[in-house]
Amino acid sequence: MAGQRLLMKGTEAIAEAAIRAGCHHFFGYPITPQTEIPEYMSVRLPPLGGTYLQAESEVAAINMLYGAGGAGVRVMTSSSSPGVALMSEGFSYLVGAEVPAVIVNIMRGGPGLGNIAPAQGDYLEMTRGFGHGDMHAIVLAPSTVQEAVDVMGLAFDLADEYRNPVVVIGDGLLGQMMEPVSFPDTEPKVFDKPWATTGKAKSRPRNITNSLYLDADQLEAHVRDLDVKFQRMDVEQRAECWMTDDHPEIVIVAYGTMARIAKTAIRQLRAKGLSVGLYRPITAWPFPSRALEPLVEPTRAFLTVEMSLGQLVQDIRAQVGRRRPVSFYGRAGGVVPTVEEIISQVELLHASLAAA
Amino acid sequence: MAGQRLLMKGTEAIAEAAIRAGCHHFFGYPITPQTEIPEYMSVRLPPLGGTYLQAESEVAAINMLYGAGGAGVRVMTSSSSPGVALMSEGFSYLVGAEVPAVIVNIMRGGPGLGNIAPAQGDYLEMTRGFGHGDMHAIVLAPSTVQEAVDVMGLAFDLADEYRNPVVVIGDGLLGQMMEPVSFPDTEPKVFDKPWATTGKAKSRPRNITNSLYLDADQLEAHVRDLDVKFQRMDVEQRAECWMTDDHPEIVIVAYGTMARIAKTAIRQLRAKGLSVGLYRPITAWPFPSRALEPLVEPTRAFLTVEMSLGQLVQDIRAQVGRRRPVSFYGRAGGVVPTVEEIISQVELLHASLAAA
Amino acid sequence: MNRVVIDKDRCKACEMCVSVCNKELIEISDELNAKGYHPVELHDPEQCTACGLCALVCPEGGIAVYKAKKAG
Amino acid sequence: MNRVVIDKDRCKACEMCVSVCNKELIEISDELNAKGYHPVELHDPEQCTACGLCALVCPEGGIAVYKAKKAG
Amino acid sequence: MAGTDVVMAGFGGQGLMAIGKILAKAAMDEGLQVTWLPSYGPEMRGGTANCVVVIDDQPIGSPVVRQAHAAIVMNKQSIDKFEPTLVDHGLLVINTSLIDRRAERGDLRTVYVAANEVAESEGSGKAANMVMLGAYVGATGIVSPKAVEYAIAKTFEEKPKAAESSVRAFRRGYAAAQGQPS
Amino acid sequence: MAGTDVVMAGFGGQGLMAIGKILAKAAMDEGLQVTWLPSYGPEMRGGTANCVVVIDDQPIGSPVVRQAHAAIVMNKQSIDKFEPTLVDHGLLVINTSLIDRRAERGDLRTVYVAANEVAESEGSGKAANMVMLGAYVGATGIVSPKAVEYAIAKTFEEKPKAAESSVRAFRRGYAAAQGQPS
Amino acid sequence: MIEPLATDEKVVFERTEVLTDHALHYCPGCTHGIAHRLIAEVIEEMDIQDRTIGVCPVGCSVLAYQYFDVDIQQAAHGRAPAVATGIRRVLPPDRYVFTYQGDGDLASIGMGEILHAANRGEKITVIFLNNAIYGMTGGQMAPTTLPGQKTTTSPFGRDTAQTGHPIRMCEMLNTLVEPVLIARGSLSSPKGINRAKKLIRQAFELQHQGFTFVELLSTCPTGWGITPTDAVKWLDRNMTPFFPLQVFREPGAMPDASHKYAPDLKVRDEA
Amino acid sequence: MIEPLATDEKVVFERTEVLTDHALHYCPGCTHGIAHRLIAEVIEEMDIQDRTIGVCPVGCSVLAYQYFDVDIQQAAHGRAPAVATGIRRVLPPDRYVFTYQGDGDLASIGMGEILHAANRGEKITVIFLNNAIYGMTGGQMAPTTLPGQKTTTSPFGRDTAQTGHPIRMCEMLNTLVEPVLIARGSLSSPKGINRAKKLIRQAFELQHQGFTFVELLSTCPTGWGITPTDAVKWLDRNMTPFFPLQVFREPGAMPDASHKYAPDLKVRDEA
């Protein structure tokens, strides 16, 4: 099926892409709008000799990842906002013990039970606060089903390379929509994992998966090592700058599904003669500052558009500072900003720039 | 015992202050370095006719808070980093359903199991990512045992006033040290809670504690209402500016225990003739930008000191931007920066400013 | 005469009432209600014993049953 | 002669071995080990039956017991 | 071509999701960009189900549409809900078997088809959805009937009988749309 | 006064925490600022326990001290651990009952006291910690003996016998420090 | 619109007023609706509407707060017993607190909370709707799913070698000391429904004595993919043999396991 | 430094090599040390050191990874069974996976994980150290704390009216179908220790057939505030009556509850 174009749901494409990336072990708990991922895995993995296991809860699922990842296999779970929040402690353990694993969060309306409609309200949680202690993890935010497929392989590679969990975030739309996709034809990379707890062969000392360092100096040394690693991850910054070569007056900032909607708006705005481009973080963490920086000076104003009341915009404001105005347009609770809304926001902004 | 000076452990002083603030209901799960809070409650509350209940887990504890807070009483829990991380989903429910409650986090070394030594590694989690969805909560960060006592009453008042959970953060030092304290002599404020689920009197429609809004427009309206509330909370910004009246060359930024250590360093630096002051957030959220702003121009350089590898400093950098250099010194994993270390950092900074 | 009142707007045509009526008095109707279901209806109401079983099993709480008082 | 070897550095003076020795051969000593405990010591080693109970109950795994082979 | 989109709505069980996917597959096979999005489970039962298909020759932005270019409505609730939301001069394909009113807006293009009766006359009452799809494709020409028929065949690969009756129903709907829209 | 601090270390059970609190209370009662901080449970058992008391007339910054002004050491591990960390010319109060070596550093002020023997001679072997506290207070004069005795009395409010023997032990330690430090 | 009562008739059955007018969102034939009604009827009959606080779960019954005309809280998935504990422990003892939970909610993610609430003897009533599936999320395997049963996450049928057998909550709870009522009923027949109501009534009446638990075998025609009338038959045929309809514990019928224990905690007697 | 074996003696008892040289951090007389040794001895005797993966909990035994000379993972508090599941499901079937957990870890926060691992029939061995208290955090009440027992969070003694009775994990697990071994032993006497070792050995031997569980009554002299030698007596006197030393389930002695069930899942036979 590689190469061929297939019409697939985002969730199912993600699952299939994970399998093709060599992930044959899945532990998870159902939650809308991503339940098709476990469902797909439950059909596909057993015949491959892999594991599909419905965990008793998200807390159990993330700890099953810890066990399996620690034992050296590629492993993943997926969930949605409330379920992901429950994984917070376990996620911190994965980072602390340097266990590679992939966690998919198909975000829905919050806070609390909220609803199951598409949202981007977990950006800050995923990039800043997903667990206690000094920790970080790469967060990938695909914008189309095809890109979701593409980042899954990357996610597993990054997890293994850095021995750190990797998060993939999407919203309910990305999860639920069908789009044509094709799967890459490449074999998954294989990483050597001499640290895995697979049974202590006589030839080596025992392997320990652990995040406990009772002694403060030892823990500090460990945390500093981790920090060096987090800093190394900075090279993984990825962003798309679209229609920015001609130094547009206004740059829209958006990620995930929001960005593709913005693209349509930009096409229409350009058709109307407005000068607009797009800056789209693909890695929500590390925040792709290097791609943003060259845009700051030439741009007259930024407009961040989100399916939330303002999260990514904080990163933009932090970098752009007072150099350029950064305005914000967001809808929440599962309402998706439309092309028309974006257009009218840009027109307003354009007018105010013209007036100034 | 009001007025009188007592030698008390931070944890016990926090517990006593909560009781005096009218909190007679406690649900929690033991974890070092804050177990004296539940222990203290288990002795004090039953004779008062209140509730001390050891929950089966932190997940259960936060949901007991939801039930009790929703039923209209002042209620609290306390924990430390890994235990607090487990409360993430429940915390988001408290915000979503507008249930007042107080959560104390006596932070320890992380990530993962880490250790039990003092740390400030949960700043980002507590201020940004403590749960899914668009949400916020006031976070109070006392610096001394006396201030911990003082903020407890405030925490309950703010929780009731905004119908939102409030977080109090300290580190293991604040929790474990003894210091002289005195308790205020004021009676707790009493809030009317017509929304509480206490049993539907015939005279009123039923009360519902809920965060579910299946319809996206309804959820958006709810989230926008919450957001208005979060914005109102901005008036709760609190910070201490210490030794800044004479526009010192260098301003140290620190909160909690770190800030008091910085004060000693500042005293010694001033004795050496260096011009140094302190900016100390008391509310970690809302970030006290109004107090910081007037310091930016007069100050030549900022130095943020933390028991973490750099969290609060992100807020400082976001606000100060490129206007002034913001440098950072942090220790992690339970190691506490000393007065001497701070002094030498400031001296270095001073030298580089002089050279520039 | 006994009376069985079916709230047609609540009915979802699950046929639970149909299956429990020993007298086989309840049937799916041709009507379509607002929810898009064909609500049930009673035929031969005279035969109803007001046993109440139909109401007991209705998940929608959509049936009320009244028994005529004996004359006198 | 049977032999009981007590690893004095491991001993925490819990007296579990003391309490199980039917022959009452084990006692707390006056020494202080590196951990600050008074480790136990064996007196009257000739009486030891090498029953192994002391080793069995020692939480520190600090006792080894050897039985002399019968002559011949 | 200019991008277009269509919302398909009716009771759960009327097969709206299925015709949405068939249309999407047909569009994909014709080399177009396409997205299909269900109104995914309100985590509640009953009421209407709908999906929306967006077709374009450029990359598609929003898979979600607040004002659609066209709507295929198979029950009363759906026409009530979606008629007011269509763009000016949008297309409304109405199943007269279950909807006893005409379009209220004057600007709309309309196709009326008694999908259930037509389907039954072709031997499969279940294929009313295919009749509706046919009517939509007939009225718009958005994809070729061949592509749709191929997509139907693929969908029912393991049920050749259903495939056949579906194709027949589709053709009847397609033909019905020829005299219309008015 | 200039701020000072003292670390008190020994085996768990030797009562170091208790004398730390007594000293802190005495300082508080004399109107000083004070903090007391235990080396809180390494969540592991055995080994040494210690606490540190900081006393000042200004607000206290760090309750934790890496280089203390003084150390009260009640066992071998503690002297090994803390002697090297004291400030120049710091004070080391050594329990010779359990420590069979002298201070290694030349710069330190030292007080040697056979705390366990002294305490036993006062009728309570448990009060060795009080002897050490007495020696420290005697050597530094940081607080008045009266304040300490009051704090002891308060601490053992419900055990007057223990209070008495503690006070006696404290006084013996205090007296012992008079000839010293060298 | 139920017509008013004629003077010459008596009511055999009318909708209880403790249910609101809201139309239920459940699928046709789903027995959630029956369970709701029974609880509401008991509240009405005991005249405790003004003293009852409900807790609804995450599951198909997540919207139960729209239906019960009592003060009510919507709890996080699985945590209803903890939420109910919070309520029970802080309100006056005359209140009645109940939770309403599905099998995914109670027996999977909420296993810890239900067992500990039961073990503490929380004075609450738990109504446990066991329909052997996750209804709300679209028919995934539950801990109570039957061996061989196909669900969307056990597409080849539940394989007990991989996922074990269904969990029997009543039997498990019955190993604890504190509960005062543990019983299993079924909503598959008029007889079952009447018995279920009696159990619910008994539970509420005993609530102030301790923890009371009523499991109700229920149907999920949608998740099972069969008609409502077939679903009740399927339930009787397949669920009941493994989930026996039984009162496991009630005052006067307390099993061995419930014997209280009060050691004197000395090391030995001579002390 | 244990002296070498003289040629004319035979070993009655020597430290197993599956334990590292690390000195144990446990309090004097704490039976954690005995349990460690027994497990290590079994691993040595079965010669499976190279195929064994351990999982240690959060509790006093959090540092167990320093002591067992096998590959080992340190799990989050309560989650060892989930971690062990992750390991078991992805490694070759010839591996031996065990968890080592305290009563707070297993019976409080980890209740959901242990019951579900057991119910799935995970092929792991769980060694459950029940010392009726939270040792590590300084002596708080555990789910297994005895009625009336004083702890730092039950300062007036455990009040069963507020917090219920101790939870008996073996009895509870015994209501599930899948486990193949459920047994309770005690570390309070040489006899108990020998029996405990046999149970552990049996558990490891049966592990590849299914879930095996050995509870060991243990002492916490520090948390209980008594001497080690008094602690073993206290255990015998007070714990054993409520926590009977029993093999609840083993092949050949399977209780009713363990009967497997295989419905044919039809609606009715004529179908």
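Letters A, B, C, D, E, F, G and H name the chains as they come in the text, with residue numbers starting at 1 for each one.
Note that in this section contacts are C-beta pairs under 8 Å (C-beta built on N, C-alpha and C of every residue); 3 or more make two chains touch, one makes a residue touch a chain.
Since this is a predicted model, take the numbers as computed values, not measurements.
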Graph separation of subunit C and subunit F (steps between touching chains): 3
Chain pair, A-G or D-F, that carries the greater number of C-beta contacts: A-G
Inter-centroid spacing, subunit H versus subunit F (mean Cα positions, whole Å): 43
Distance from the mean Cα position of subunit E to that of subunit C, given in whole angstrom: 37
Centroid spacing, where centroids are CA-atom means, of subunit D and subunit G in whole angstrom: 59
Between subunit E and subunit B, distance of the C-alpha-averaged centres to the nearest whole Å: 55
Shared-contact residues (touching 2 or more other chains) in subunit B: 32, 53, 56-57, 59, 82, 89, 93, 97, 112-113, 115-116, 210-212, 214
Sites on subunit D at which at least two other chains make contact: 12, 35
For subunit F, residues contacting two or more additional chains: 41-44, 46-47
Subunit C-touching residues of subunit E, taken from the complex the two chains share: 11, 46-47, 75-77, 98
Parts of subunit B lying in touch with subunit H, wherever the complex brings them together: 29-32, 35, 38-39, 42-43, 46, 52-54, 56-58, 82, 112-113
Interface residues, subunit F side, partner subunit B - complex: 21, 24-25, 28, 33-38, 40-43, 58-64, 66
Residues of subunit C that touch subunit G when the two form their complex: 2-3, 5, 7, 9-10, 12-16, 18-20, 35, 37, 50-53, 55-69
For the subunit A and subunit B complex, residues of the former touching the latter: 59, 81-86, 88-89, 92-97, 107, 109-117, 119, 121-122, 124-135, 210-224, 226-227, 308-311, 314, 317-318, 321-323, 331-335
